[in-house]
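Consider the two complexes below, in which chain A is the common component and chain B and chain C are the respective partners.
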Partner chain A sequence: MNITEKILARASGKSKVSPGDVVFVNVDKVMIHDVSGPGVIAVFEKLKKKGMKIDKLWDPERVWVAEDHFVPAADKISAQNIVSLTNFTKQFGIKRHFKYGMGQYGICHTLSHEEAMVLPGEVYVGGDSHTNTTGALGAFAAGLGHTDVAYVLLNGKIWFKVPETLFFKLNGKLPDHVMAKDLILKIIGDIGNDGAAYKTMQFGGTGISEMSVEGRLTLTNMTTEAGAKSGIVEPDQKLRDYLAAKGAIKYDEVHGDADAQYEKIYEYEGSEIEPTVAKPFSPENISVARDLSSIELDKAYIGSCTGAKLEDLRAAAKILKGRTVKIRTEVLPAAISIFRKAMEEGLLKIFLDAGVVVGPPTCGACCGAHMGVLAKDEICISTTNRNFPGRMGHIESQTYLASPLVAAASAITGKITDPRDLK
Partner chain B sequence: MKGSVIKYEQDNIDTDVILPGPYLKIHDYAELATHAMEGLDKDFHKRVKSGDFIVAGKNFGCGSSREHAPIALSYSGIRAVLALSFARIFYRNAVDGAFLLPIEIDDSAYKDISDSDSLEVDISKNEIKNLTKNKIYKIKPFPELIGKIIEAGGLFNYKP
Partner chain C sequence: MKPFEKIKSIATPLDKVNVDTDQIVPKQFLKLIQRTGFGQYLFYDWRYEREGVQRKDFILNDPAYKNSKILLARDNFGCGSSREHAVWALDDYGFKVIISTSFADIFYNNCFKNGILPIRVSDDILQKLFSTKSEIEVNLEKQTIKIDNIPISFNIEPHWKKILLEGLDDIAMTLQHEEQITKYERSHKI
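Moving on to the complex of A and B:
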């Protein structure tokens, strides 16, 4: 069995599972946020009206809560949702609730690794489609809707069809001007936005061994954009060191067997990956950045679980240092811990000196919620993960998805720019 | 189930157009319904009637995990979406929450069914009758567990 099959077998109490098997698995961790949390509350209310008694959760210690989509509270309704969420965690005794304005908080997927909320070998589900992100920690991580999350909160288990696994092998490391974002955009361009539908995307090879954990998190984050159920990277020393630095040393790693099966193996040469951009209105609609150098931009957005980790901010700062932006540019670190490190490393000063506005951790404009949404006909280059019509604001706005290096270089010139071409 | 067809001849109809992001903060199901399909078809909520079916291409419901998407369609009156394929979270949300039936149709049925056609969907017989064109399309039975959850009326009513 491969790593995903072994995790699902262990969690369902079976000695072996195969792709296509439907199993009920025991869940180790579950996450809700300020959109899926109130969604779960609505499901609970509906169940209570039907006569179900709900006075406790299966295990509040395994539940954690983020505030990210509409925070700091964007308007009256969002403020009310935050209050409902707070009442919910209090009522059910959930201690791990990361509240904005009270120390560490941030985008749920970012907290999953910043706070080591999920550990290798675990089954982790979250009320958000980019829950896949956390698979880079060697866990099975998949997104669910409100009803399913409500079911997990009450029963501690959920059904999954064991997925086929597509294996993406990266030979050799990525060049200096290329980031994990470029690779995953290239992969989605190759397999299409349903190319991994219902499947797992596993990443391995020498290029992945060389890649930082944060880079791997960018890969698994965007597996959702190829329709994948989950993305995963097998644990290695780099991951153990990453988790140990956060105080997580005890966990039960799972590795694939020597004869692990994969539905298909795709190979990429690290040296051949170029700065890559996804054009409106789909992540699969890719071009190399150089072919888009005539596209004039109104805005650059460096934020989200995909593109505002510490390394992403360092990459953007490398480009922005000593330069001035030509278009409106926002940087929103994905968690307070990242915000703090960016301050300590002097990155925030570089951003402010370049003319960039630095904002609080939030999903913000990535999902068109607030904090810099786009007007009609505005064109944005963004380190986020989706560019569907209206995703970041007006239905007739346009979003180009790119790495932090490309987004920052484009912010300097006002046009889509390959960082190698920046003077 | 009998109803008429609202057809969108396109692939990858994502949850951002089915129920746009700014409405994610809303959890009143009836209110969500007034914004259904707003990112793709502003006239949808004026046109849709209780019992209607949506017909669409592949990868319907891709993108976000928002259960708001099947909820908005369901509370608009949509009983089933007939598509070439579905994105995974939309599919399980529709089934586990008992909001609507996600029914996979084949390419010939997809091409044959026109906007406003009257259909009769019978999952016990695994067929769709096109009452306007007087034709029958076979559909694949639901996978075993999915069929049982649908029969139970959602995941919470299903006893494993």
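Moving on to the complex of A and C:
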């Protein structure tokens, strides 16, 4: 069995599972945020109206809550939703609620690794499609709809059909100026928006061993854009060190067997990956950055669970240091812990000196909700994960997806720029 | 939830690929906490030029499709955000069946939780459906789509079929039936 099959077998109390089997698995952790939380509350209300008694959750200790999509409160309704979410966590005794304005908070997927909320070998589900991100910690991590999350909150388990696994093998390190984002965009371009539909995308090979945990998180994050059920990387010493630095040392790792089966193996040579950009209006619509150097931009956005981890901010700062931006540029660290480290390392000063505005952690403009959305016909280069029509604002605005290096280089020139070409 | 019955209706042809859940229900409506009434926001940016003013060239605004219960769409329908509001909106608007060549996974699962039948068909069959102007009959029990009285069969996972036919949307019911579902699935692999 491969790692995903072994995790699902263990969580369902079976000695062996195969792709296509339906298994009821015990869930280790579940997450809701300020969109899926109110959605779950609505499902609970419907069930109560039907006469179901809901006075406790299966295990409040295993539930955690993020405020990320509409914070700072975008308007009266989103402010009210935060109140509802707070009442919900109080009512059911959920202690891990990361509240905006009270110390650590941030984008849910970022908190999952910053706070080591999920550990290797666990089954983790969340009310958000990018829950896949957390699979880089060697866990089975998948997004669910509101009804399914409500079910898990009450029963602590959920059924899955064991997915087939596609294995992406990266041979050798990525070159300078190339990041995990470029690799995952290239992969999505190759297999398409639904190329991994109901499958697991597993990443391995020497290039992945060399890659930082944050880089791996970028890969698993965007498995969602290829339609994947989950993304995963096997635990190694790099992951153990990463988690130990956050105080997490006790967990039960799972590794694939030597004869693990994969539906298909894709090989990539690290040295051949180039700075890559996804053009509007789909993540699969890729091009090398150099071929897009005539595209004039209105804005650069460095934010989100995909592109505002500490390593992403360091990459942007490397480019922005001593330079001035030509278009409006925003940096929104994905969690307060990252914001703080960026401050301590002097990155925030580099951003401000370059003319960039630094904002609080939020999903905000990534999903076009608030905090800097695009006007009609505006063109943005963004370190985020989706560029469907209207994703970041007006239905006739355009988003190009890129790495933090490409986004920062483009912010300097005002056009899409390969960081290798920046003078 | 009511058991799923035969549906006979004209089908609305939405000729687009990669329709993501943000097109189905734009983000500004996610803040609404009630579970009902999302139909008015379905495909909002495509349906309306501005509040109250419909776009004439959008298929849902064509009076011919006013009471349609079947939606046709191209590849990868329901991709993007996991928001269940997308399914709530389709249901509230009146769609009970969605036919496409492929669906995004979370969206596909969400459909069954809300009594909507998503059907995967081949390119050829979808093309045939897009070309017809007559009513289509969907029979889940028999797993057929009938155009001009000619039945075309479709596949569906057995546990999903059972859940829809018996109207088992409810969480408690699902729990009660979990053992049967597992057994049923095991013996009816497709």
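Assume the second predicted complex is superposed on the first by the 423 of 423 C-alpha atoms of A that agree within 3 Å, B and C clash if a C-alpha of one lies under 4 Å from a C-alpha of the other, contacts with A are read in each partner's own complex, and residues count from 1 in each chain.
Note that in this section a residue touches a chain if its C-beta (ideal position, glycine included) is under 8 Å from a C-beta of that chain, and two chains touch if they have at least 3 such contacts.
Predicted model only: the values in this text are computed from it and were never measured.
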Overlaying on chain A: chain B and chain C, fit or clash? clash
Which holds for A:G359: it touches chain B only (first), chain C only (second), both, or neither? neither
When the two structures are overlaid on chain A, which partner does A:P280 contact: first (chain B), second (chain C), both, or neither? neither
Using the touch definition from the top, say if A:P72 reaches chain B (first), chain C (second), both or neither. neither
Go through chain A and flag every residue that touches chain B in one model and chain C in the other. 22, 24, 35-36, 38-39, 41-43, 47, 52, 69-70, 74-75, 77-78, 81, 127-129, 131, 143-148, 150-151, 159, 161, 193-194, 197-198, 227, 229, 282, 367-369, 386, 388-391, 395
What residues on chain A touch chain C, complex-wise? 20-24, 35-36, 38-39, 41-43, 45-47, 50, 52, 69-70, 74-75, 77-78, 80-81, 84, 127-129, 131, 143-148, 150-151, 154-155, 159, 161, 193-194, 197-198, 227, 229, 281-282, 367-369, 386, 388-391, 395
Contact residues on chain A for chain B in the complex? 22, 24, 35-36, 38-39, 41-43, 47, 52, 69-70, 74-75, 77-78, 81, 127-129, 131, 143-148, 150-151, 159, 161, 193-194, 197-198, 227, 229, 282, 367-369, 386, 388-391, 395
Using the touch definition up top, name the residues of chain B that touch chain A in the complex. 12, 14, 16-17, 20-22, 24-27, 29, 39-40, 58-59, 62-68, 70, 85, 87-89, 92-93, 96-97, 143-145, 154-156, 160
Would you tell me which residues of chain C are touching chain A in their complex? 18, 20, 22-23, 26-28, 30-35, 45-46, 75-76, 79-85, 87, 102, 104-107, 109-110, 113-114, 157, 159, 169-172, 174-175, 178, 181-182, 185-186, 189
